[in-house]
Amino acid sequence: MLTSLILLLVLMILGAIVALESKDLLSGIISLGIIGFALTVIFIVLQAPDLAIVQIIVETLTLVILIAAVLKTTRKDTSEKTDTVKIILWITGLVCVIVFMLAAVKALQYLPEFGSAESLRMAKVYIDQGLALTGASNLVAAVILDFRGYDTLGEATVLFTSVVGIIAVLRTVGRKQS
Amino acid sequence: MKGMTLIVKQISQLMVPSIFLLGIYVILHGHLTPGGGFAGGILIAGCFVLLVLAYGSDEVKSEVRKWRASFSESLGIFMFWFLAVLGLVQGSYFFYNIIAKINPGHPGQLFSAGIIPLCNMAIGIEVAGALFAIFITLAVLKAGEKL
Amino acid sequence: MNVLPLFVAIPLGAAFLTPILSKAGNRISAVLGLCANGFIMGLSIWIIQYSKDTIVYFAGGWQPIAGIPIGIAMVMDGLTVVMLLIINVVGFFAMLYSLNYMTRYTETGKYYTLFLLMMGGLNGVVLSGDLFNLFVFLEITAIASYSLVAFGVEAEELEASFKYQVLGGTASAMILLGIAVFYQLTGTLNLADASRVIEGIGLNPAVIFVGILFLVGFSLKAALMPFHAWLPDAHPSAPAPISAMLSGVVIKVLGVYTLIRMFFNIFGIGRMSFVLIVFLILGTLSMVAGAFLALSQKDFKRLLAYSSISQIGYVIFAFGLGTPLGFLGGLFHLINHASFKSLLFLNSGAVVYRTDNRDMEKMGGFSQRMPVTGTTSLMGSLSIGGIPPLGGFWSKLVIVIAAVESHHFILAGIAVLTSIITLAYYLKVQKMTFFGKLSDLYKGVKEVPVLMCVSMVTLAILSLGLGVLLLPQLRNIILDPAVNVIAGGLDYAKMVLGG
Amino acid sequence: MIVYVLAILLFLIGLYGIVVKRNLIKIVISLMIMEYAINLFFALIGYREGGAAPIHTEELGDNMVLFVDPLPQALVLTAIVIGLGTTALLVSFAVRIYEKYDTFDVRKIRKLRG
């Protein structure tokens, strides 16, 4: 299982590089789809069917929205000439990445090994008594709508906010003409 | 946006009712099986999106205005908020699962887990409205058109 | 019945109702918004009486099992009370001001919805005792403010908002990654519980990694100096009441409050002492650079935005001193800044409302035509410039004394010099905008409508009189409990969970 | 350990994209990559060796089985939806900016002064 997981992760990383480096925005978006769908498979491998269902549908819809937006506008990524600004940015980016990576590798050694999840504290109650306390067989549903229902209100509000924001921003005239 | 060919129209006509039913099933069984309000709501939004893509926006648009995607969104989230505040009104806690405390039902059955299925329904309505509104505003409407 | 959830539930509920009601007209949304805001402002004043207690409220009634919290906790202590007061008082007057100001814009119903969502998000952030819940409400606030910044949908506004979104999104991603590592490390999301677990783990590289992720993420939200790029674009682009909210409240709640809560109460400053040095460096840098950048601005609102960076620098600098007097100065300056910076942004809005112009070189002599705006902005400017006996003087004085007391003589000197520069550029604002000769173009300028005047006058009175908070009787119920929470550090866990 | 490092690497590719890329849609893509990486990381930390999906079913009955941690899964669900909201908002801004400037190139979109 670990091998297949690593292979999927490598696929995602390759997809990410292609998505960022391709000159055509449409193919970039399709490569982004690779990452999203690989993530769906990983969710299934990691025993998270709820996430897999939501991820696959969200991914599809996101792609539809992104593709529609690109088709409405332009597909071309303007060719980037190599100038000093670009090189400086490139070096800054690389330095950021390397420093962050070294710090992360050092820190991750102190985390529990993958698959052990020894430090269950909050979740222990959910697993042992979730069914008895809430009556929901699906423990994820029990967590998101009962134990952490308040978070879910926040999450629904985020979606609501962004829809109101989108409708507000897509007005053509913002100010009344005096 | 123009519609697609006759084949696409026919197939989507066949598919849409079953996707819609699947969405409702996923919402209603959210507390028993994988899925829930979000997954189901997105499925329902997806079947509207399919209709728009297949038939073209011009034919659907007059219908769209009647559906009032953003209205159903507000209504759904308001229902969810109401369920949350209901716990407060009963003298106890925000998000208190009153129904489960009064009548727990049998775990594993459709009518169980108190307000969880109701919350799922509210979220389903909200998400379906929200995503369809996003799709319509971003992909279909031209600048300046109102939802 | 406990009132804590109402701070979140009322504005959110009103926000969900407005789109349904706004079919009947945008006026109804405005009235509903004002009522909701007025209600929670009253509530936040009423709740001052409990400022010395720590009230914990478990959403959904999920009490801790065997000492481990299983639900989401809402926590109200002295620091929260101060933040709630700032949010709701400034929010109410910004809303009142909007009723007149926003008539220039189209589809104002959406504006009020987004405003209410922002208020709900801000209250949610300060009340939250749960890390992920804090993140969710932080996102609500952020997304609402992204859309509000671009509410005028002009090209520059969209561009500024996009920049804000990209940097804000990066910050959120950092914070969320931090939360993931944090959860893996501690097995809990409750802040008080996590604080205890970290005490058991000690300071290992993973904890420091989480700390750095949070430090970068929240500093981006607070617009401290190396991370400030979005603020000078985003804050001036928004409609004036939103600029007032962003500068007066949002950066403080999403940036300063979260930094204080995380590093003083959860990680513990004794364990992570390097954070204090980082605070001192970032604070001094923002303070000085912000002031110098403000000095060269010609655009009224842009100058105010740079000045915000500078003043937030003061606050973070004061907290970086790490002494109770420093905390007192920092908190007091935070309160003062909320009042006078929102006042100054509302003044700039009044000028824009009548003249449609932000360039100060074309202005002059508005005091003759707009006496209320002129007088109130003079009060705000003097207060922010640190003229005794206005509020701003006292908070800066406390900060400088605290710096001297902890033997940071050079930094104290820098703080005083920056204060003089601040006074200089605000006098420049006064001279260029409100005094001098009235240009022929603006002969017909009148005073702004009454509700806008009411908001400005109230905030001006506040920024004049906030010095009274240092009087022992008032200090005892507002500032001291908050300072005790910060100075108490890791006692937070004990206060929240008992034992 | 190795899976965590790969997830962080994916996150960093997104961060790199934000620093370096000058095209609005590419910046949106970079942010989305970061979101994917975080969701992946959450799902990874919730996994327990040999664990089953956290759903009580008829077949399992009352037998105690080892479930994977449901809490990170719930958090990811929330994070996915938040990500969807932010992405949609960003895309709508990008489209609007394109309407105004006729380009996605950041270098050509510079009305604001430093």
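We call the chains A, B, C and D, going by the order they appear; numbering starts again at 1 in every chain.
Everything below uses one rule, namely that a contact is a pair of C-beta atoms (placed from the backbone, for glycine too) under 8 Å apart; a residue touches a chain by one contact, two chains touch by 3 or more.
What you are looking at is a predicted structure, and each value in this text was computed from that prediction instead of being measured.
Across every pairing of chains, the maximum count of C-beta contacts belongs to A-D. Between the Cα centres of chain C and chain D there is a gap of 28 Å.
Rounded to whole angstrom units, the spacing between the C-alpha centres of chain B and chain C is 36. Centroids built from CA atoms put chain D at 1 Å from chain A. Within chain C, residues 12, 16, 19, 59-60, 132, 136, 139, 143, 146-147, 150, 153, 158, 184, 189 each touch two or more of the remaining chains.
Residue positions of chain D with contacts to 2 or more other chains are 14-15, 45, 53, 55-56, 71, 77-78, 81-82, 85-86, 88-89, 91-96.
Contact of a single residue of chain A with at least two other chains is seen at positions 49-50, 54, 58, 61, 65, 69, 72, 104, 108-109, 111, 117, 120, 122-123, 126, 131, 137-138, 140, 142, 144, 146, 148-167, 169-173. With chains as nodes and touching pairs as edges, the resulting graph is complete, every pair of chains being joined. Residues 53, 55-56, 58, 77, 81, 88, 91-92, 95, 99 of chain D are the ones touching chain B in the complex. Put simply, chain A touches chain D in their complex at residues 2, 5-6, 9-10, 12-13, 16-17, 19-20, 25, 28-29, 32, 35-36, 39, 42-43, 46-51, 54-55, 58, 61-62, 65-66, 69-70, 72-74, 77-78, 80, 86, 89-90, 92-94, 96-97, 100-101, 104-105, 108-109, 111, 113-117, 120, 122-123, 126-127, 130-131, 137-140, 142-144, 148, 151-152, 154-156, 158-159, 161-163, 165-166, 169-170.
The touching residues of chain C, counted against chain A in their complex, run 12, 15-16, 19, 59-60, 62, 65, 68-72, 103-107, 110-111, 113-114, 117, 120-121, 124, 132-133, 136-137, 139-140, 143-144, 146-147, 150-154, 157-158, 181, 184-190, 193, 197, 204-206, 208-210, 212, 356.
For chain C in complex with chain B, the touching residues are 1, 5, 9, 12-13, 16-17, 19-20, 57-61.
The touching residues of chain D, counted against chain C in their complex, run 11, 14-15, 18, 24, 27, 31, 34-35, 37-38, 41-42, 45, 71-72, 75, 78-79, 82, 85-86, 89-90, 93-94, 96-97, 100-101, 109, 111-112.
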